[in-house]
């Protein structure tokens, strides 16, 4: 036996530790309402958009396509965590304003990342969901701060975090008073370098067993290659994810950030068609936003 | 060098290194005939059976169920690689004889593991497919030996092998003169201890891009928990695997080996029903053996 | 891209990316002055003290022992990053005041962790060195904030960060205008569970080759077991570390945090004797603070 | 706490599992006699030589230098495990004959790798110590075969093996009837690609606590860079290793295998001088072979 210490019993003990995040707290599973979009129910929710907000034209073109093709929530980064200080760091508040404009035009709720406790309040004014990135999964002051917000929070799993650490991080937000936490598996670091990260789809059924919180999968970061995203998106739906977070760009070749893993609008369209058929066959279907025509 | 840095470009270069295993050698993909069962075509092949052959009653009961419920190939270990010298090591040739009897009764071809160069010939006499286990992925004398067999070989990926190392290991078998190599992703070791291994489903599309060889997924070892197997099996089919290798036991609670990850016959039946619907929706279907009623 | 493939050649290229942190910037190596203690010179600097500041009695007793036994800098956490929101989170400003008192009594400069951009200024008022913990290695707003301080910063390597990511994180601080960055290897996560982390002593010569910044080793977090700390401390000095960061507690059995990895004062004394002999044999010696008697 | 499940208690339980390898079996530690060289005593034993035996001139030149400079055992591979089937696979029996000649000339006992059960007997005829490589740590038929030899066996730790798995693998050899097992830490695979492997020096004190068997360290494979080898060799001695296994080549630039990590004879000489001073300061000293002049 490889991981001989592996057992769910240990986790059962730990549900004492995450007494808010633990499944026992809501055995039927929590549904989170993001400005009208229900995450955690039977249907699969699609969050899509560019990695970074770059310009009005880029964002609105992409947002319109996402909405036309059945996406439910618009993603786009205004504050970008970049390994190098010399890389593009995002448009910051200017980016948030563009997201607001895109929401007005498309009716799509907006998710965007927040990295700094000092701008949480500002981001709350613009966003429908706050995203905490992988690198900040254990940024405890930030977790405490978003715990005091009224907006839902999507907490991405750290690159090498165990599920135990992950649920304890979610517990910080819940303990702060914010009950609307969405989990997101986005790939772990492995020894394989042919892809950017390695999707851990085992995490989906295990997180849903251990916790009542909805679980989203991000196959864009989980693979790093646009051509792999639709395959892993299908796998994520088949394994039971409550939704997907996907990078789409109106012009991936010229993206300022993560171009190689961004779907073009046409690739997104094809993927959505496949997901419609697949999710139906699984008795689920894709979520249809009320504002959709 | 072990940690050879590699990205997809380098993989393109490396197709020089695996000039037999590389996709360029058969761009439409290789179909391998295992005593009448075609692996690598449109349809999904199911290999199922107990971890270890334990007794005639255990094996035949399980084999009959596998055949009744649409399985195509019977798995069962006669030589077992066990971490401890004091654990059950398998029935050895007695186990091979039972596999032969099960094949006669059910018509199912048989796959079983071989670990020692000295028994390759003997195992060839009984088995339809030779399995090389994860721990032996880089057992080069063994790879050379099975390279000289006429029987197909299923080579499992090492627990932490890169795809580059994996395809080079396959190359050993191909270079030895045996063209019938089947790949098998069975989970990698990660930091997560809630499951035995972590399925790397990214590997499926990437292996199929880099190589023309069929790719099987083993969700039993990939999770270590019977309750997770059906979810990951669905994900594996959705991501494009050519087939599944699944542990099924007529009495998992009393299995001598890997009971916690073995499906009961009833669980296997339910999984097969789900996979039928799912694979159909994906335009594939499950493979129907010619000997099936 | 996270998994950027890198070999030493690429590191040479990347010195373009970390043009401030790169060795070429100061080939003879940078010596950082921490309130009179020189880090990065020939001699080995010892930073020691409790994981967390717990009380005046605990801190002063430990601080006096550290100073008596030849320690150069006092460590102690006032803000503690804890996996669970229900664990002791540190005494916060009260802890900083106790550190100040300990410095007044012993003459030892003080190092303490800062996690939140909003308290950087406050921590600067009390501390001689700001510590950025592993979990915050890529907390970019925090790196930018301490980049604007006049106090030296010790940046711990992330639990699974590559050296490339690590030096880019240091580059954030340097690019912000703060030239006084100290690196610290504190163990990586591996599959081994017999120790809390796995010391990566390869990192020491490699970091010193790639960068001109001083490199400290933390064998307390790097092992998680007090009995292992002296052995790894000796190894760290032998491999070329500029100093050590060690947890010492006047009563490890009752520590509120990390007791099992804290040396007792007696264990610290024995270790210091061994290090004196070893560092002398290596032609280095332990650093002797000017305020020492 | 990161690896929260980490505890030595679990290991204490497992000493039931490795009741031959466990420390309780010989609390004062086992000393193994390799044709007159004692491994596991106070003094540090040096095994050195080329990665692969390439020619008589290469081997004899290197062997003479190793002996002149104080090495105790000559290493050299006749059967080489190579990732690619198209790489140099070793001189095989011809290489063994050259090793025998080198032993006759220098008086140095010889260690060489065996990979195939079918040649164990032949290798026993030539070698003083059989080496089992990392990739074969869990090649159970091979472990059983060398368990029946009268020659000592050096078992290298698998690239990502836990210490628990490692000691169980040693237990296979001991249970087979061969009491002379030497352990060897040679680096684990980590996410860092700036070095070939990552030395896990934590393993040395932990293995010595858990087991009575001697522990050797291989800094050549553990780093992959000749320039790093002396630093890590010093660290290994400081942490308590019973000896070192080091690659030395009379002409590293033209080595058929692992040239970049092979010390030149001059580099080896410098390292030996440093190790003499260091080991003396630690109260140990280098082992002096009786046949040495």
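Think of it as A, B, C and D in the order they're written, each chain with its own count starting at 1.
Here is the rule we use: contacts are C-beta pairs under 8 Å (C-beta built on N, C-alpha and C of every residue); 3 or more make two chains touch, one makes a residue touch a chain.
Since the model is a prediction, treat every value here as computed from it, not as a measurement.
Two chain pairs are in question, A-C and A-D; the one with more C-beta pairs in contact is A-C.
For C-D, the equivalent interface among the listed pairs B-D, A-B or B-C is A-B, as over half of the contact pairs agree by residue number.
In terms of their C-alpha centroids, the spacing between chain A and chain C amounts to 34 Å. Between the CA-based centres of chain A and chain B the separation comes to 33 Å, rounded to the whole angstrom. As a whole-number value, the distance joining the C-alpha centres of chain A and chain D reads 47 Å. Annotation for chain C: residues touching 2 or more other chains are 3, 5-7, 83, 159-160, 164, 189, 191, 193. Within the complex formed with chain B, the residues of chain A that make contact are 1-6, 8, 10-11, 160, 162-164, 188, 190-195, 198-206, 210, 222-223, 225, 227-228, 231-232, 234-240, 277-278, 280-282. Interface residues of chain D, counted against chain B in their complex, comprise 5, 17, 81-86, 89, 115-118, 135-136, 138-141, 143-144, 159-160, 165, 168-169, 171-172, 175-176, 189, 193, 195-197, 224. Here chain A touches chain D in the complex through residues 4-5, 10, 164, 189, 191, 193, going by the rule given at the top.
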